[in-house]
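Down below is the structure, laid out as structure tokens.
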Amino acid sequence: MISALILIPFVAGLVAFIPQPAGRRRLLLFGVGAVHAVLTACCWVQMPDAILGGWLALDALGLLFLSLTSALFLAAAIYSQGYLAEAGGQSYEDAEEGFLVDNAPEAVFIGCLFFFLGAMTLVTVSQHFGVLWVAIEATTLASAPLIYFHRHHRSLEATWKYLLICSVGIALALLGNFFISVAAIGPGQEQGRLTLTELVARGSRLQTPWLKAGFLLLLVGYGTKMGLAPMHTWLPDAHSESPSVISALLSGALLNCAFLGILRATQICQAAGLGTFSQDLLIVLGMVSLGVAAVFILGQTDFKRLLAYSSVEHMGLLAIGAGLGGAASFGAMFHAVNHSLAKAALFFVAGHLLLLYRTKSIADVKGVLRAAPVSGVLWLAGFFAITGMPPFGTFLSEFTILKAAFEQGRYAIAAACLLFLALIFIGMATAFLGMTQGPPGAGAPTPRRVAWTMLLPPAALAAFVLLLGLFVPGSLSQLLHDAAQAVGGL
Amino acid sequence: MSWIIAALAVWLAGGILSAAMPRGSRGGSTIGALSAVLGAVLGMPPVVLAIAGQAVEVLRWNWPAPYGEFHLELDALSAWFMAPLLVLSALSAIYGHEYLTGGAGGHERKAAGPTWFFYNVLVASMAVVLLARNAVLFLVAWEVMALASFFLVTFEDEQPQVRDAGWVYLVATHLGTAFLLAFFLIAGREAGTLDMTKWTALNQAGGGVCGALFVLAVVGFGTKAGFMPLHVWLPEAHPAAPSHVSALMSGIMIKTGIYGLVRFLSYFENVPAWWGWALIAIGLSSGVLGVLFAQAQHDLKRLLAYHSVENIGIITLGLGLGLVGLNMRQPVLALLGFGGGLLHVVNHALFKGLLFLAAGSVLHGCGTRQIELLGGLVKRMPWTGACFFIGSAAICGLPPLNGFISELMLFAAGFAGITHASATVSLSGVATLGGLALISGLAAACFAKAFGIVFLGEPRDQRAAHAHEGGWAMVAPMLVLAVACAGIGLFSPWVLAAMRPVLGQLSQLAPAEVAFQLGGVELMLAGVAFGAGAFLLALVLLNAAFRSKLRRQKTGMTVTWDCGYAQPTARMQYTGSSFAQPLLALFEPLLQTKQHRRPPDGLFPKAANLETETPDLCRSRLFHPVFMELNRLLGRLRWLQQGQVQLYVLYIALTLVALLAWKLGGN
Amino acid sequence: MFIDFILVLVLLTNLKLLGSSRLGACIRVAAIQGVLLGILPWWAHGHPAAFRVLGVTVGTVILKGVVFPWLLFRALREAEVSREVEPFVGYVPSLLFGLGGLATAFWLSTRLPLTSVVHSSLLVPAALFGIFAGLFLIISRKRAVNQVLGFLVLENGVFTFGAGVIGETSLLVEVGVLLDVFVAVFVMGIMIFHINREFDHIDTDRLSSLKD
Amino acid sequence: MAGINWTSLLSVIAGIALAPLLPGIISRVKARFAGRRGAPVFQLYFDLWKLWRKGAVYSRTTSWLFRAGPVAGLAAAAVALLVLPFGSVPAPLAFAGDLILLAGMLGLMRFMTIVAALDTGSSFEGMGASREAFFSALAEPALLLALGALARVTDAYSLSTMYGALSFGHWWSLGPVLALTAAALVIVLLAENARIPVDDPNTHLELTMIHEVMVLDHGGPDFAAIQYGAALKLWIFSTLLASLLLPVETGMPALDFACTLAGVFGVAALVGIVESVMARLRMVLIPQLLVSASVLAAVALLLTLNPVETKAGRPAFKAAQAGELQRPDSAPAQKADGIDKPTR
């Protein structure tokens, strides 16, 4: 089962590079997405067995993020049908400067999408820290060409920054792995293996200083990938310059994978009795991320960058949730789900706006509700969802995290969170309301229908978030609880 | 409780149906209005029973959400707020059906379906807010209420000022909710549960914590209720919304803030005195400032909005007096304070709803809300005029109408305080007498202006000259409300009897105790009712006498005797601005009215003009600068993301070194 | 012991990288460093070199000693840039920083107790110093090529440690790591090629149009 | 249900019958000061009778409110008279809080007059209406604070009980308080009844008028109603003031009644004197006068709060007042809640 989950995308990736009519390739994209989703669904029914001697196995934590990845990929696969028809092809008119740029060949796009999916799947199922590292680095390499799909200098710059910064981070994470492996070998002990179960089992016998240093490096390394400030700097560029469908995957799936990497490391710290140590670090980075997000969301002029910074904000919330532990880690898991769905939906709609208005500048997009009602409604719904307004799921998850903060008597943290969230809300409200309401005005787009394949995914995702705000299905909350327990919460 | 559930179901179903209707058809609005009315009717029976003091109805359903439980309770307090909600929502719905389809204010025709969806959702969410006993459920309903009302406020979002109003409202309510989040979470922590029925445990919490909770509650709920200076969204949002929505928002929605505050206070056996004093201070300042700013407005609905601030102040004053009474173990003071406050909640819902509906039909009939352009409407829109007159008299606290009854109880509370031995209690009485008297005097002046300039004299503009009365669907609700205002004013003793359960709940006295303590008050109301009756009798008799007398005399019709000036024109009439000028001049330091004047000069003066505008001081002097400054400070940090990849890698390096030094450098 | 000798050499190569002004020279030094790292495992262990160690060594030497330099030189030719490094920070300050970084590395290493598998007290400082040097190269130099080079040095620093404790990690991971690094550098090379084509230069200070 | 004290209907009848005397007295006093003989004291009666027999002329601008104004005002004044005690003689309708009904009725009267004035659409009457609304808004606190001071002194807030309890003993113990209260009441009286120095009823320049200019358009019976209502209002305030100034309480009601009546006429004369010796204030100064009235009343109240005074001069307070709840059965409980039963 697991092998299938990993191999199918890689094989499909290779197939995608074989010259063939575009239609078939797109069909393949959809098919693989569907199959992958089905397989993942099966994992819900019955947890698959570990393979490679326990190196690759699926636990609650993995299944949670695997499901997110798979669902978002399916949505992206459907969305891409319309997107490639619209913006794909040989050349593409650049939104900002308006000159024609040529696209990367569709084979590369779809192929890399498959590799990306495969790498992310590997991340979610790997129980071995080495494999985890390899997989995460692989996601970087697979996604770089995707960001550079529309070949103009800004996307090039974004890709370069993405590649360099993330590689640096990942390299640090590698050293972290080595340190942990050293930590696993007490003086005169048999050589250690880097599988999670092993390390957790050794628990308190791990060597504290090495473990501390190792976790720290992993945190900085994977934190770079996850977009925790101040290592988040690649994120707004990459998200704003890549095609919207890719931005959705980056923000909704990739960041979670990096978060998973950090969570794995915290699991060890928990086992080694270094819980508070790891949690302090997470909370600090989380607060910084919230603050930075607030700074850049207020007065933001580019709606895709706005969404990117909002991702930084929510990654910060996840870190804080995981850092607070207890009920908050449940909240963090829940929030990861809500954020992925809502943010992906928003990026999809951002794709519509980009197609309709040919600009990313907030000031030039006006009256979406009148110009493109469906996209407008989705855009507004996404806004309320991402800012944690009831009846959307994000409210419940943020509420849970804040509640834990208050329960633990950490009033300063809670107050700061509330303050930053309020500032962020003001910033986003200004942007979104200005875009959606009122008459379309001068920059009104030529009225054209957006393909249903591009409308369906965001609508479905938004509906999911709404549903999660009204009630949380038992199986999901069970899974979330298990995942939270795995990282030392409840 | 099953009735309540049925009502909620009807509201939601009707809302969704009306939204689902095709754009063109009028079916959407019909379904929406019908379901709103039907839901209100369904909800009425249990509410009436609960007000009568019947046992608390409880409903606990499992709600699969973190910490969530679908836990509703209908006790006397909830019912006391539910009743006006049901009445006003139904009436506004009937009114709104014609108002919207009539194309009020000449705004672009748009599908009414979504509006009715949000209307019904708003009503349902308000009901849940009033009934919820689970913090999560309360907050969710609270925010849904804010969202629904936001969409209703921005119904005419093609107008820039409406969009601005929507933004202000959304931000204000969200900031308020942030405080409420903190409030509920701290309270939940102290009480050990989010089940609000168990929050009497807060009595064991430390004084500091309770103080903090009180402050959080005042700020959080006060933002919704519209305490000065948190009221800034109110004068923007109420004029922007369609009038029947303004009626609902001003009549009920801002009261949910009061409800939250009262609900919180009801958990405590003995409250610190300073809570009472704080509420008295807030109430008086909101009342006086609200009515002053109202006096300065030229927009009829904006004027009414500021009067909501004033009346919220009066209600809060009552609550404050009640707290002082509880704290001083003065049951009569407590009962009079709470009683006056709560009765004013209902009264304000009635007459403010009435006034907003009347203002709506003025807008509907003339297409403008500008007081200075109107005039003489009482002859063109007789029903609206009569209703607005009754509403004005009621809101000024004039007998024999309901506004007088609640203010009477507060005045009585003031006297009860004054005649109390301890100097501090008497001080509360002094403040009440002086402040409330000033407020009602100013209110009278303001509504003399509002009614006099808009409805009396000659039309100042073509639009007013060609005004037309709305259909029965718009008139009937106003008439019902007017009758209700008069009814409460005339039959106040029975109303007081109906208040016993809720007052017992608030003052934590045994029913017999309440009945005994209220004896004197009932006597007072009986006297007032007698006086009112006598007044009506005298009015009828005298009127009959005069009419018959004048029928026998010869009466002529002519132009107004303007000191002998033979050709009075409409433009020579006194304007609202000139009517308000002396007051504004006296309170200039508080209001800072701006005057733009072009005085006549030269031998042959050209057209001269004078404009006055009174921007909201709290918004222009307090919030705007604060936000600007904040934005500037944060803007300074934006260089962080200045594009150089080298710098970005430097961040990583510095973070790494810093964390290493922090975590490994120690020990 | 011999391993210390190698580690000292690695330290010196890093210092040389910080100090040298010629791109070509830097690349060659990096190549030497790669070879040194390749042979490091031979002395890293008490027990005789196993087959897998041999494999890893060969892989390392080929990649870091031959392939990467070749890639970089090719990128240079493509971009036909002048051979100057064009630093933000001058060479002498760079060297001074190098000394500071070295001191920091040693200080940090004192925080980490020696274990049976870390056979030399120089191992941790050398690794950390390599990382610092790499980061510093990325930060202080303008050229995209320089940054790839810096990344390589950073990677080498990590690898120094990895090679030192290679016994503890498994072959599959080793291979995966090498593969990843290879692909990373390869893709970076491609990017440099594109950058050059887009801007006719590889100064990354022009690559800063995306900002807030 | 509050009981009606039928024996005290006499005072109401007195008010209805004698109110028109007061303006006559005032003008007579003024005439004497001016060295004229002046109009007969009963002038107003003649005027009212004449007006009542006249017809009326209405402006086409006006609506039913214009006709309703005078009538409603008169009715309100009559009801206000119902709760007005006459010296120590209680009012027919007496209950705790009746003074608020009094204030309310006067407010209603004022509101109706203002509305009726605005109904004509005349700029002059609008001006008068504006001033009336403005000044009465400022006078309202003064009146209630003054009554509050009396309530504090007499430890009750039913007019009849208050004035019933008031005695020269209070003047002895709390002279300053009562003096300040009286001063405040005087100012309120002058303001509310459109008297110099606030308003000049018989100037010839409408620009300077307040009350008179509002009723320019009324004629015939309507104007009679307004005049009569104004007289009743003056009667009410004079009674409030007179009963405070000389709170006689001899055993026999007849004597008390006579004294108070004399007091009322005395107040009217006082007003006449004030009008003769003072000039009308400039409009801008009137607010200061009214605010100062409120200040006087407030000071009076604060003086009563002074614990020393309460101890020394006012045995009126019972321990029950300070106190914790009374059981229904205990007798003083009836007063413990600060609400007292109607006096019979």
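In order of appearance the chains are A, B, C and D, and numbering begins at 1 in each one.
In the analysis below, contacts are C-beta pairs under 8 Å (C-beta built on N, C-alpha and C of every residue); 3 or more make two chains touch, one makes a residue touch a chain.
Remember, it's a predicted structure, so these values are computed and weren't measured experimentally.
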Path length in the contact graph (subunit A to subunit D, fewest steps): 2
Longest centre-to-centre distance from subunit B, chain (CA-based): C
Central chain (distance from its CA mean to the mean of all protein CA atoms): B
Geometric centre distance via CA averages, subunit C-subunit B, whole Å: 70
Subunit A-subunit B separation of Cα centroids, rounded to whole Å: 44
Chain centre separation in whole Å, for subunit D relative to subunit C (CA means): 99
Rounded Å distance, subunit B centre to subunit D centre (Cα mean): 34
Shared-contact residues (touching 2 or more other chains) in subunit A: 160-161, 164, 168, 172, 209, 213, 236, 296
Per-residue overlap in subunit B, given as positions that touch at least 2 other chains: 638, 641, 645, 647, 649, 652, 660, 664
Multi-chain contact sites of subunit C, meaning residues that touch two or more partners: 111-112, 135, 138, 147, 204, 207-210, 212
Chain-to-chain touches, reported pairwise for every pair that qualifies: A-B, A-C, B-C, B-D
Complex contact set, residues of subunit B against subunit D: 329, 331-333, 375-376, 378-379, 385, 389, 393, 396-399, 404, 408, 411-412, 414-416, 418-423, 426-427, 429-430, 433-438, 440-442, 444-445, 448-449, 451-453, 456-458, 512-513, 516-517, 519-521, 523-524, 526-528, 530-531, 534-535, 538-539, 542-543, 546, 549-550, 553-563, 568, 570, 572-574, 578-583, 586
Contact footprint of subunit B on subunit A as seen in their complex: 160-161, 164-165, 168-169, 172, 209, 212-213, 216-217, 219-220, 224, 230-231, 233-234, 236, 277, 281, 292, 294-296, 298-299, 330-331, 334, 369, 384, 389-391, 395-397, 399-400, 402-403, 406-407, 409, 414-415, 418-419, 421-423, 425-426, 429-430, 433-434, 437-439, 469-474, 477
Interfacial residue positions of subunit B with respect to subunit C in the complex: 638, 641-647, 649-650, 652-653, 657, 660, 664-665
Footprint of subunit A on subunit B - complex, ascending: 63-68, 136, 139-140, 143-144, 147, 154, 157-158, 160, 163, 166-167, 170-171, 174-175, 178, 181-182, 185-186, 188-189, 627, 630-631, 634-635, 637-638, 640-641, 645, 647-649, 651-652, 654-656, 659-660, 663-664
Subunit C - residues contacting subunit B, complex: 88, 104, 108, 111-112, 132, 135-136, 138-142, 147, 204-205, 207-212
